[in-house]
Structure formats: C-alpha cells, structure tokens
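Multiple structures are listed underneath, in structure tokens.
One chain, chain A, links the two complexes that follow: it is found with chain B in the first and with chain C in the second.
Up next is the complex of A and B:
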C-alpha cells in the first residue's frame, strides 16, 4: 500500500483536565475528500487547528508525506485552512486577498498576477476583483476564502464548517461546487462539519468523533448501512431505536414479542439492547388483524419525493418513523388515525447494547 | 420620517453647547477683528492687524514650537499606548477590564495634582536625581525639570489613557482568525502585524494621535508648570494676552487660529475614520 498523505498517530490534546482530542489515529490518502463529523465539543475543530499548526500537541505525532510536522509553525506548513468566519482581510480587495499567500512565497509580480487571474476565473469572481470583502455576499466571500487558500496549492486543504454561514439553498449548490473543485484541482480536502448531510453528500470517507475519540471511519454508505455504534447510527440519517432484551437467542421487544433482528456478536443472554432500523426499511400496511407489530398513524409529513409517517406502536413508547416513497404512499393510502401493521427484514436491522 | 423623530432629544445638549460654547466662541472670534484700546480696553473699529500679527515670525515660531511639542507627545503617546492596548487586548478576556481599569486609573485624579507629581519626580533634588545618586552616579546630572523634554513627558503621561482606549477598541474587535489566516497563508508574525493588524487598527491610532495633538497644542498648564517661566506654548501666549498683557483682541486672534487648526485636524480625522468604516456600511 502506498504511503498515506497524512497520518495521525495517537494524537492527544489536553486543555487542563479536558481531553479535547484523545488518542486519535487516522490515515488519509492523497486526493481524498475527508469529513470529520461530530457534535460541538467532539474535538473536531481542535483536531483541524492542530493540523493547521494553531494548536500544539499534548502527545502523538502528525505525519505529512511521512514527515512529522507537529513542530512546524503554521506559516511553514504546506497546509491551508479555510476558516469558519472566512477571515478575509477587510482592508484589501478580493484580488489582494487572493494574492496575499503568493506574496508571502515571494513569487514574481507577473506570476502573482497570472495566478490570481486564473484563480478568480475558477471561483468565478473576476468581475469583482477590485471589491472589498464587505461588499460581497456570503457565498461570494466563501469562494474568496476558498480561492485564497487554494492558490497556495497546499498538500492539504482544511475547511472548518465551510458552509455554516450560508443559507440552505446556497449550501446545496456549494456542496456540489466544492466537490467539483476538489476533483478538478486534485487537492486533498479535510472538512469539519456537524452537519451529517453535508458529510454524506461531499465526502469520500467520514470519521465520526465523540468526546475527542474516533468512533467510526468509513465511506458514507458504510456508515449509513453498517453503523458500528448506537451513536454513529443515531448521528447519520434518521434511525428508529426499539428497546429490547436478548432471551433464548431471540430479540424480545418491550411488549414481550420476539422481533426480527440480526443477532449481534458479543452480546449475551439477558442483555438489554436496542434494535436500530432505518425508516425506509420498514414496511407498513393497513391493519388486517395480524398478531405482529402494529401501531397507529400519529401524523404524516409530506417531503415531496417521500412521505414520512409517525407511528405510535406497541413496540416502544417512542413514536417510530417510517418513510414511504411517493408510489408506496399512494398504494397504502394511509392517513392520520389509521391502524397499521408493520414489518421488516432481520438483515436490515442492527442491534446495539442499550 | 420615522427615524428623524428622536432628534428632539438632542435639544438640551444643543442648547447647552450653543449658550456656553458656540456663542462665547463667536464673541471671542469677533474680538479678533477689533483694535486694542489705549488702556487695555477694546476699541470697536474693524482691523486685520491682530490676525496679521499672529503670522509675525515671533508668534508663528511659538505656533511651530507648540505643534512640534504636541506632535512629539502624540507620537510617543501613540507608540506607548498602542503597545499597551495590544498587550491588554491579548490578555485573557476576563483580565482585560481590570487591566483597562488600571490603565485609565490616573485619569480619575486631578490634572494639576498629576502634573505637580512630575515636578516632585523631575526636581533638581527630586526622586529621579535621588535615585541616580543612590545608584552611585556622582557626576553633574542634566537638568530635568523646566525643559522641553519635561513638557513632552507631562503631556504624554496625561493623555496616554486616551490613546490606550482609542487603540484598544479596534484591537479588541479584531477577529483573531484574521491574524491566523495571515499566518496560515505563509506570513511571519511581524509581517502579519505590519500588513494585517496595523492597517486594520489604524483608525484607532489616528484617533489617539489627533486627540493627544489637539489637547497638547492648546495646553497651558503643563508647559507653565513643567516648562518653567521662559517656556511658552500657544496656550501660555493666549493666557498671557487675556490675563497679563490685557490685549484681548490679539488673544482672540491667536485663539481663532488655534481653533482653526484643531477643527481642521478633527475634521480630517473624522473623514478618515468614516472612509475606513464606510465600505462596511455599503456592503450590508
């Protein structure tokens, strides 16, 4: 296997008694679009700032192209960070902002001029080159921040919640835009986000962080289909959790009925567990008197392509979410107050310790 | 229409300023155009002689001298004050109000008392001389009190809190990520300061400088106390015209030019600050 571009080995960061990053190890390959996903306080931003050089390490090492960079100051690292606030220089024009990094490299005037021109083309802001950052919209500012970092041709581009300040519509556009740029330019991106959808849409691989620890690192699809913990399962997408107990090799729901579930390894008789199942993996039909899981429709929510049903079932006190495609919804024709029975395949479930 | 309403709230302030500031100033200005009476009174005939006399080399020299002293004091105050404000803004945020409080503390004591304190320090047998003797320096010490330097020191000391406050405001508002962005893009700490932090906080520096300059150029207490009898700045000259020479018209003419210089500088400074923050408002 080739040498990874970036290797984090047992990276630690303590603030007093708080372990912001706690024994974190990870390899990232060249040209990957990698997402660090976690709630606030999970240590993802601290980790990013350590990569950029703004936080020292309490322990461990960071290898870039096989060399330890943990002692290298931020201005000497072939790594650039796109700040959450964008941190544009308000007293400089857009072109001056973008040129700044090249001036620091002591590039010739003609080279700076040429490369700034090219970058303005790429980020489609050539017509605003003379404007000040304050005169731009949020989306334009975001592109300037991106261009200012990309023009340095870093080995690694770090993006701290890059789309956090944009409205929802613009966010969707920029997600695709970022992904396109990354493919075009061929630079490794590491993005920090708390938005699971953002991570799923953009990243080749996602790492889920919790309390400074790496919980799971896999492709978005793998994490969605095979979450390795209750936290991962809950963090990515919508997930139903049914409380249950393991008895005689069966998973027994709270109402005493056995339910279909993939039996997990490492859990033993008598353990309290949760059965996790995605809303789109559940099947519902109008109640016809079966003895299986059943419930009543509490509410329906129309989402355009699909319909979400919220059910009160006999399996748990918490309502359960079911997602039907528009077609399925039409066939079943369920509405609020209807009695339903529901079913699923054992292979679509995951069972975790409660 | 809606946002014009609160204007009437300014009426008391405007009335106060008009009655006790604008009208007296206009009266003084008017005096500048009359002749001095034989025995110190005012003879109400129009003349430009008083204004012409201001530009006499003797008096113009005092103007230049005052501007030089005020400029020097402002420059030193800005250098010391900016450094102090920088340090305060870099301190942990919980300590910043305490540090600011101490920086501004001298301001709450009487101006005269503070200036007299410097006499005690700089006196021929004062604390500084005493300290030098105690450290074993036996040779003749240069005179400290009643020098131009003493006046500059006094002015810097008195107006330093203004500069610290004026510089602290933009420094504390500076998003730390902006300086980090500069480092991230390859700039050293010094380059970051020179190209990013300094330009972004320049309005505070300008405000501090103009403030000290304007307050210093017209000051008469500090030059009188720390500069000694033979040392004159514009303020002392105006004071003397009104109170000893009894030449009110000439005193008025001197005041008029002084006010014009101050107003010019303050207007310039206001425009500069407006321009610096103007772009921001256009954007939003």
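Up next is the complex of A and C:
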C-alpha cells in the first residue's frame, strides 16, 4: 500500500478541561474526497483548523506526505482552507482575491495573470473578474472562495461547511459541482459538514465524529449498511430502533416475543439492546391472523418514488417507519388504519447495546 | 394634543429651533464680510478683513502653532489609537474594564483634564510649551480615534486575516494588504475628528502651553484679542476655523457611516 497523503496520529486538542479532539487517528489517501461528519461540538471544525494550522495540537502528530507538519505555521503549509464565511477580501476585486495567494508565492506577473485567467474559467466567473465580493451572489462568492484556495494547487484542500450559507436548490447544484471540480483537478478534499446528505452525496469516505472521537470511518454505503454503533446508525439516514433483551441466545422484543436479528458479539445474556433496521428492509402485508410482529398504519407519506408508512406496532412504543417502493405499495394497497403484519430478515438487522 | 399635530405649527417650531442654533453663526459669518467692520450697520460686501488677518503677525504665528499641534497630535493619536483599538478588540473577552479606562478622557470634563495635566507636568518639572500642548491633545485624541476605529472593528470579519495567512501571507503583509486597507476609512475618519478637536481646543491648551508667546494657539489668541472687543478680524478668523472644522467633520462622518460613538 502506498503512503497515505495525510496521517493523523493520536491527535489531541484540549481547551481547558474539554477534550475537543480526543485521540484521533486517521489516514487519508491522495485524491480522496473525504468528509468529516458530526453534530456541532463534535470537534470536526477544531480538527480542520488544526490541519490548516490555526490551532496547535495538545498531543499527537499530523503527517503530510510522511512529514510532521504540526509545528509548521499556516502560511507555510501546502494546505488551503475554504472558510465557512468565505472570508473574501472586501476591498479587492474577484481577480485580485484569486491572485492573492500567487502573489504571496512571488510568482511572476505573467504567470499570475495566466493562472488567474484559467481559474476564472474553471469557476465560470471570467465575466465578473472586476467585481467586488459584495456585488456577487452567495453561490458566486462560494466559487470565488474555492478558486482562491485552489489556485495555490494545495496538496490538501479543506472546506469548512462550504455549502452552509446557500439555499437548498443551489446546495444540490454545488454538491455536484464540487465533486466535478475535485475529479477534474485531482486535489484531495476534506470537507467538514453536519449535513449527512451532503457527506453521502459527495464523499468517497466519511468519518463520523462524536465528542472529539472517531466513531466510524468508511464509504457512505458501508456506513449506511453496516453502522458500527447506534450513533452512526442514527446519524445517517432513517433507522428504526426496537428495544429488546438478550435471553437464551435469542433477541426478545419488548412484548416478549423473539424477533429475527443478527446476534452481535460482545453482548451477553440479559443485556438490554436495540435492534436497528432500515425502513426499506421491512416487509409488510395485510394482517391475516399470524402471531408475529403486527401493527396498525398510523399515517402514509407519499415521496414520489416511494411510500412511507408509519406504524404503531406491538414491538415498541415508538412508531416504526417502513419504506415501500411504488410497486410494493400498489401490491399491498395499505392505507391509514389498516392492520398489518411485519417481517424482516435477520441479516438486515444490527444489534447494539442500549 | 390636536394642535401639536398641526403640521404648520410643527414647521414653525422647527424653524425657531434652527434659527436659535444657526442665526448667531450666520451673523458671525456675515459680519466677517461687512466692509465697515461695525456690528451695527451693513456697509457692503468686502473680503478686506481676511486680508487684515493675513497681515496680522500674532494671528499668523498662532495659526501656525495650532496647525503644528493639530497635525502632530493627530498623527500620534491616529497611530497609537488605531493600534490600541485593534489590541482592545482582540482582548475584548477579558472584560470591559479596559474599554472604560481608555475612553475616560472623552468623558472627563476638559477643565479637569487640563488641571490634571498641568499638575502632572509641574510635578515632573517639565518646561511647558508647544510640546506639552501636543502631548495633552494626544491624551484625548487617542481616546476619540480609538473609539471611532473600534466601532468599525466590531463589524470586522477576522476570518479574512486567517484567510490571508492561509494563502501564504506573513503577519506584516496581512496587516498592510488586508487589515489596513479595510480599516482605512475608519482610521481617516478618526484622524479627521482628532484634527478638528485639536484645532479649536482651548482650555487644555491654555493650561498646558506655559507662559511664553511662542506657544500660543489660535483659540488662545482669539481669547486674548476678544478682551478688547470683537473685531471684524476675529469674525473672519472664526469663520475660517469653522469652515475647516465643518469640512473635516463632514468628511469624517461620511467615511464612518456608523456614526461617531461618544458624540
């Protein structure tokens, strides 16, 4: 295996008694689009600022191309940060903003001119090169911030909630745009976000952070299909959680019935657990008098390609969500108030300690 | 209350208030152009009193002194006041005490400041003259510049400083290429305000200028002349001082749209 572009080894950051980043280790490969996903206060922004050089490390090391950069000041790191607020220089034109980083590198006038021109092409703002930042829309400002950071050809581009300030429609467009740019120029991107959808759509790999610790790091698909903790399972997508207990090698639901579930390792007899199952993995049918899990349809929600059912079941006090494809929905023809029976395969479940 | 809502009556009240504020100043300006020089009769338009002014050696040397005091104290106050503002803003989490003691010279009555400075210079056995006037003006101008610059700094986006560093700039480069240009309107506004305050400051200059004729400033000169009655020359001089102040203040306020704190 080749050397990773970036290695975080036991990185620690304490603010007083608070461990903002707590023993964080991670490898990121060249050309990856990597997402740090977490709720606010999870330490993701602190981590990003440490990579940029704006926060010192309390412990551990950060290796870039195998060399420890944790003592290198931010203006000497081959790493650039795109700020959440974009932080454009208000007194400079778009072209001047973009040229700034190259001027700091003491590039020749002609080279700066050529590369700024190219970058303006890439971010599709050539026609606005002379405008000031306050004359641009949010999406345009975001592209300037991106261009200004990219023109330095950093080894690593850090993006702090890059789409947070945009409205929903624009956000969708920019997600694809960012991904396209990253492929085109071949720079490693690390994006910080609290938006799980953003992480899933854009990233090759996602790291889920909680309380400064790395909970899970995997491809979006792996995290979705095989979450390693209740928190990851809950953070990404919709998940049903059924309270249960382990007894005699079986998972017993709250109503005393054994339910189909993959038995986890490391949990022992008598433990309280939750059985996690995705809405699309549940099968429902009109009630025909069986003794298995059953429930009643509380509400239906139409989402175009699929239909969501909310069920009150005999398995838990919380309603359960079921997702049916349009075709399945047609076959079962369920509506509000209908009694249903419920089934699933053991292999589609995950069991976590409660 | 119906009569108060009467728009015509409101206009009359407004006119009366403005008349009270501006008629005396208008009379002064008008009299400075009165050929005869007497406040009792208008004998025709003339700029001869302005010519007289230029030929009056005492006034010209006082004007020169005032210019020196205003320019030097403004330069010092602008430099240190701006730096102070940046420092206070960066450290603002340490509480508001620092702010209060910085801005105190703006609020303390001039006469108190004047006596305090006089006592201070006497205590140190400093020979008084123009230099002590300059130092004294720096004391209050520093507070005014600091307050104007700080008002602008409150809306300053500090992430652009980090962005500049991130793009490879050293701290001095960031200061000159990013912080200074963005802050420049506020700094100039503060400097213009300081200049204006210094030009027509009387009490503190009077107390700290010492005894010699060499350190008399323009307001002190006017005060000395006025003991023998208001001459047309004084009217002309006052008109010029006012014009300078108005221009500087207008510029200052235009540059600093947020308004002037402490004013």
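Observations on the structure shown:
We adopt the following convention: the second predicted complex is superposed on the first by the 354 of 354 C-alpha atoms of A that agree within 3 Å, B and C clash if a C-alpha of one lies under 4 Å from a C-alpha of the other, contacts with A are read in each partner's own complex, and residues count from 1 in each chain.
In this text, a residue touches a chain if its C-beta (ideal position, glycine included) is under 8 Å from a C-beta of that chain, and two chains touch if they have at least 3 such contacts.
Computed from a prediction, not measured in an experiment: that's the story for all the values here.
Annotation for the three-chain superposition on chain A: chain B and chain C clash.
In the superposition on chain A, A:104 contacts both chain B and chain C.
By the touch criterion stated above, A:16 is placed in contact with neither chain B nor chain C.
Of the two partner chains placed by superposition, A:270 touches none, neither chain B nor chain C. When the two complexes are overlaid on their common chain A, residue A:136 makes contact with chain B while staying clear of chain C. In the superposed model, A:289 lies in contact with neither chain B nor chain C. In the superposed pair of complexes, A:256 makes contact with neither chain B nor chain C.
Shared contact residues of chain A with chain B and chain C: 52-54, 73-76, 80-81, 83-85, 87-91, 100-101, 104-105, 148-149, 152. Interface of chain A with chain C (complex): residues 52-54, 73-76, 80-81, 83-85, 87-91, 100-101, 104-105, 148-149, 152. If you check the complex, the residues on chain B that touch chain A are 175, 177-178, 180-188, 191, 195-196, 199-200, 276, 279-280, 282-284. Of all the residues in chain A, the ones that touch chain B in their complex are 52-54, 73-76, 80-81, 83-85, 87-91, 100-101, 104-105, 132-136, 148-149, 152.
Here chain C touches chain A in the complex through residues 157, 159-160, 162-170, 173, 177-178, 181-182, going by the rule given at the top.
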